[in-house]
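Down below are the structures I want you to see.
Each of the next two complexes has subunit A plus one other chain: subunit B in the first, subunit C in the second.
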Partner chain A sequence: MIPKRTFDAVIVGGGGAGLRAALQLAEADLKVAVISKVFPTRSHTVSAQGGITSALGNVSDDNWHWHMYDTVKGSDYLGDQDAIEYMCRNAPTAVYELEHMGLPFSRLPNGKIYQRPFGGQSQNYGGAQAIRTCAAADRTGHALLHTLYQRNIAARTQFFEEFFATDLIRDEAGSILGVVALEIETGQAWLFESRATLLATGGACRIFRHSTNAHINTGDGLGMVLRAGLPLEDMEFWQFHPTGIPEVGSLITEGVRGEGGYLLNKDGEKFMERYAPNAKDLASRDVVSRAIAQEILAGRGCGPHGDFVYLKIDHIGADKVKERLPGIRELSMQFAGVDPCVAPMPVTPTAHYMMGGIPTNMHGQVVAPVKYGPEEPVPGLYAVGECACVSVHGANRLGGNSLLDLVVFGRAAGLHMIDFLRENPIPANLPEQQVDKAMARLARWDKKTGTETVAGLRTDMQRIMQDHCGVYRREDLLKEGIAKLDQVEARLPDAALSDHSKMFNTVRLEALELENLIPIARATLVSALARTESRGAHTREDFPKRDDGQWLRHTLYTRENDQLDYKPVRLKPLTVETFQPKERTY
Partner chain B sequence: MNDPAVLNRIRWRCRRGMLELDAWLARFLDVTYPNLGEVEQALFEDLLRAEDDDLYGWLTGRATPPERYSALVETIKATKVSI
Partner chain C sequence: MKFRIYRYDPESGAAPRMQDYELDYDPKGKKVLDALIAIKDTLDESLSFRRSCREGVCGSDGVNVNGTNVLACITALEDLKEPVEIRPLPRLGVIRDLIVDMEQFYQHYRAVKPYLINLDPEPENERLQSPAERAELDGLWECILCGCCTTSCPSFWWNPEKFLGPAALMQGYRFIADSRDQATDERLDFLEDPYRLFRCHGIMNCVEVCPKGLNPTAAIGKIKTLLVKRAL
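And now, the complex of A and B:
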């Protein structure tokens, strides 16, 4: 048996969601551990530069019900309206709470919290633009992480930094009793025993070749959940941004097209004129993304592999480019080797956010169809943040709602866990064979010889996902994608590591990450093939319309036999009337 | 000093919360770091203790790095990440 540490609660993931939940527990004097594979303040939450949405009404007239309407509509009516009401109603409290904790929000001249307008925000249910996103300059995510981290230190949360969680321990009755985690510095495996475990491991955009996400976003919690035999929800929904730098994935903002930039295919054609004769290059994100993907598929992409298009801006003049787009110019020169003052920049659609994830209710409890219903809590298991699907983002997330999701549901989960821990004071007997199973999975990578490499398999998987399950989806492409992914999975047992050392073995960690990514890629392909409609970020060229009759429901994917199950969208809010599905136009 | 365990530790600490930092730092580690002297290698590991937000600012030119890092930051920027 491996060495054991015992806590009241274990939080896996040190980003905004994990830290918010941990704080609730630590301030209630519970013994809390946060396990994080990188230092918590280097979590992907730092990339959320835009802000946190809350109807404070500091700049424009506003109320939470308008925010709720926008979120329901933005989700293309796939979001659960009870959870959305809970989030939007609690948003002002959540923001003021952060303010009191010391988060340095930017200020208006009158001293109130500064707010900025984001896309999809309206006053009066679809009226004039609302100004709703609270910001701490362009470093809101960074400020949020630091504030929560400092508070956790003060509340004596125990941090296990550079520990990589590998598997959940689930007993016969289905309860979660802890996790196994590797101490990265030594390679030692530890058992973290806890009466409540919360997953806050972030998204998994690294299944795609092109992504704006940091390399840590490998969906480790989702892999753990699938291996424990539990389902994932709505995995066909991934938000793409149309213009990212190829390979690196770095984002080139809409600002470039706003300043007069336009897209070109390899024939030098301004192809957006064909796809959107009126809006052209300023059409919405999904339209531009699909147009680029179609040009690439039709063989009109640029470069040696024909896998990107060009974004031209040099015609406005070098002085204007330098004056108006200095940051973009720097990124393009650094990551594409192109100075946009003199040459067009290569761009391609890039994966940005995962709307699906581990199914939970409003209290962060992981729910699954077990015996009596589709949403039965899994005892002792919680999930919050991008890894979870609560579901407030439905088929499409609005900017500024992700930081809000983290803090509102991080707090809600913490509160529920406190009650759960009081009601369940005695730890259950831990099944040793489950720990052995987790250890066997790790030992598999001790094998010295093999014909495949982790990096090679990862690249193949990422290409398959980009080409077959990106922004342009069609039955034949998806089926072909599944067949190709089958082949990658079949090659996985032949993979061996180039390094078998104990200390900071990064190759081994990447292998474990790949074992999380591949089943997530599979869940995405299978869920996308089954959903024969277009809704939010999921666009099927062969089924271009939203189909509320058949598809106003959540997908549940389980790994065994690629089983699909469905559950209804929760259309009934907590206290207000349902927003009935309507055509989504802006 | 190119001790594999030390190199592995530094490689893991090049994993950051922002994609651009991952790309910059991993590329630098592969291409330039092995050829640096011991003092500069130690300085790089020290630089990795900085906040993501600060590193991003220094590398994009939005902010000025502390004097001791300025040459190193310029070297990292000069290691182009090619597609």
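And now, the complex of A and C:
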């Protein structure tokens, strides 16, 4: 048996969601451990740029109900309206709380928090553009992550930095009793026993060849959940951000358009006016990404290969660009060789965010159709942030709602865990054979001979997803993608490492990450093939219309036999009237 | 392209060495991190380094390239003299290859209490802060804790346990400079020490290497000014 550490609660992941939940637990004097495969401030939350959306009304007249309407509409009506109400209602409190923690928000002349317009935001249920996204220049994620880490230092949260969680321990009754994690520096495996386990492992856009995501975004929590026999929800919905730097993938924030930037095709036309006459460049991200893809397909792309469009911002003046978008200027100069103060930046739709994930309710409890209903809590298991599907983003996330999701549901999960721990003071007996199973999976990579490499398989998987499951999808493309991914999976047992050292063996980590990525890619393809409609970010050329009669429901994918189940969308909010599905135009 | 990379395998018992690699590679538009990944993926899986965001914001991949501390992910290959010599950040213990033990660096960071201290009851909304007050934080809060500055500082090389180093000192000043913080005196008391603060002799290596273009020496200067003012 491997060495064991025991905590009240274990949090896997040190990004915004994990740190917010950790803070709640640590301040309640519980014994909490945060396991993170990187030092917390290296988590991908740090890359968030534009801001955190909250109807503070500091600039334009605003209220949370309008924010809720926009979020429901943005989700193409697939978002659960109870969770959306909870998030939008709690948004102002969540942002004020961050300010009180010390987050260095940019400020308005009257000293209040600076807000900028973002895509899909309206006043009065679809009226004039709202100005709702709170920002710390264009480094809001950095400010948020560092602030939360700093508060956790003050709260004396216990961190296990550079520990890589590999598997959940689930007993026969279905309860989660902890996780197995590798101490990266030594290669030692540890058992972390806990009465409550929270997954906050972030996104998984590394299934794609081009993505805005960090190298570390390999969906480790999703892999753990699938291996534990639990489902993933709505995995066909991946957001392609309209403005990534071509080839490199780095994100150019929607805040550029919020500050007055606009897109141009090779004829110098502001083409968004044709696709979204009202919201124009600030339409929802799925709408703008499809418009750019259409322009490129129609031969109106820019550059020698016509494979990108331009994003222009120099007309607002160099001083404003430097003050409000300093990080974007750096990125653009470093990775596109363009100073946005003087010339337009090349951009193209790039995989950015996973709307689907581990199904949870609005307390962060992981829910699954275990015996009695579609949303039965899995005892002891929670998930929040991008790895979770609560579902507030539905088929398409609005910009600025991700950072909000992290802190609102990080706090909610923390609160629920405190209650759960109080009601369940005695740890259950931990089944040792489950630990053995997790260890056997690790031992598999001790194999010395094989014909395949981790990097080779990863590249092939990423190409398949890029070519077969991008902005536009089609039955034949998806089927071919699944067949190709079958081949990659069939080659996986032939993969071996050439480095079998224990200490800081990063290729072993990459192998374990690949074992998380491949099933996620598969869940995506299978879920996308089944959904014969277009909704939000899931666009089927062969089924171009939304079909509420058949498809106003969430997908649940389970790994065994690629099983698909469905559950209804929660259309009833907590206190207000339902926003009925209607045609979505911007 | 030719590379010479520092290798250290803690399990072999062998001394650290430099290893040569040659990549058939067009460096145009590529960064040092791209090359490290290409070497790992195609030539040598055992080459070890940290990386995360690959766009200069997470601070994982501070390394020493041709004698200068940089972030590998934003350092263009085209401009570099060959063989490109890549070593771990100086002065910290090496765990393996390009991976250093950052614990000392993080301890100094935690020591400055890098969090807002304000004991007033929390208002219902945000605390107000004028744009001018907020501007005092610019050039401070953007630090990504990569360690390039601190490990380039001779004062840190001489007294790594006692001198806090430019990164931690700048974060100390970030809270002193925040109009919402109420612990200036307590913070200055802690910093008023011949080693923690006053080992900084204004050598300014930190300013030269900071990949975010920040100026720790100026921040340290402001702490010293505050201490002088307080003494008068």
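Following the convention adopted for this analysis, the second predicted complex is superposed on the first by the 481 of 586 C-alpha atoms of A that agree within 3 Å, B and C clash if a C-alpha of one lies under 4 Å from a C-alpha of the other, contacts with A are read in each partner's own complex, and residues count from 1 in each chain.
The criterion applied here is as follows: contacts are C-beta pairs under 8 Å (C-beta built on N, C-alpha and C of every residue); 3 or more make two chains touch, one makes a residue touch a chain.
These numbers were taken from a predicted model, which means no experiment stands behind them.
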item: Partner chain(s) touched by A:L108 [first = subunit B, second = subunit C, both, neither]; value: second
item: Which superposed partner A:R139 touches (first subunit B, second subunit C, both, neither); value: both
item: Partner chain(s) touched by A:S211 [first = subunit B, second = subunit C, both, neither]; value: first
item: Subunit B versus subunit C as contact partner of A:L509, first or second or both or neither; value: first
item: More subunit A residues in contact [subunit B versus subunit C]; value: C
item: First (subunit B), second (subunit C), both or neither touched by A:Q129; value: neither
item: Partner chain in contact with A:S284 - subunit B first, subunit C second, else both or neither; value: neither
item: Touched partner set for A:T253, first subunit B, second subunit C, both or neither; value: neither
item: Contacts of A:V38 with subunit B and subunit C, given as first, second, both or neither; value: both
item: Which of subunit B and subunit C A:G327 touches, first, second, both or neither; value: both
item: On subunit A, positions contacted by subunit B and by subunit C; value: 38, 41-44, 46-47, 139, 142, 185, 214-216, 247-248, 250, 327, 330-331, 334-335, 337, 499, 501, 503-506
item: Residues of subunit B that touch subunit A when the two form their complex; value: 4-5, 8-9, 11-12, 15-24, 26, 51-53, 59-62, 77, 80-83
item: Complex contacts: residues of subunit A adjacent to subunit C; value: 38-39, 41-44, 46-47, 56, 95-96, 99-102, 104-113, 136, 139, 142-143, 146, 150-151, 153-154, 185, 214-216, 247-248, 250, 327, 330-331, 334-335, 337, 453-455, 459, 497-499, 501-507
item: Subunit A-touching residues of subunit C, taken from the complex the two chains share; value: 9-11, 29, 40-42, 45-46, 48-60, 74, 76, 95-96, 99, 102, 106, 110, 113-116, 118, 122-131, 133-134, 137, 141-142, 144-145, 175, 178, 180-181
item: Partner subunit B, residues of subunit A touching it in the complex; value: 37-38, 41-47, 139, 142, 162, 184-185, 211-216, 245-250, 326-327, 330-331, 334-337, 346, 499, 501, 503-506, 509
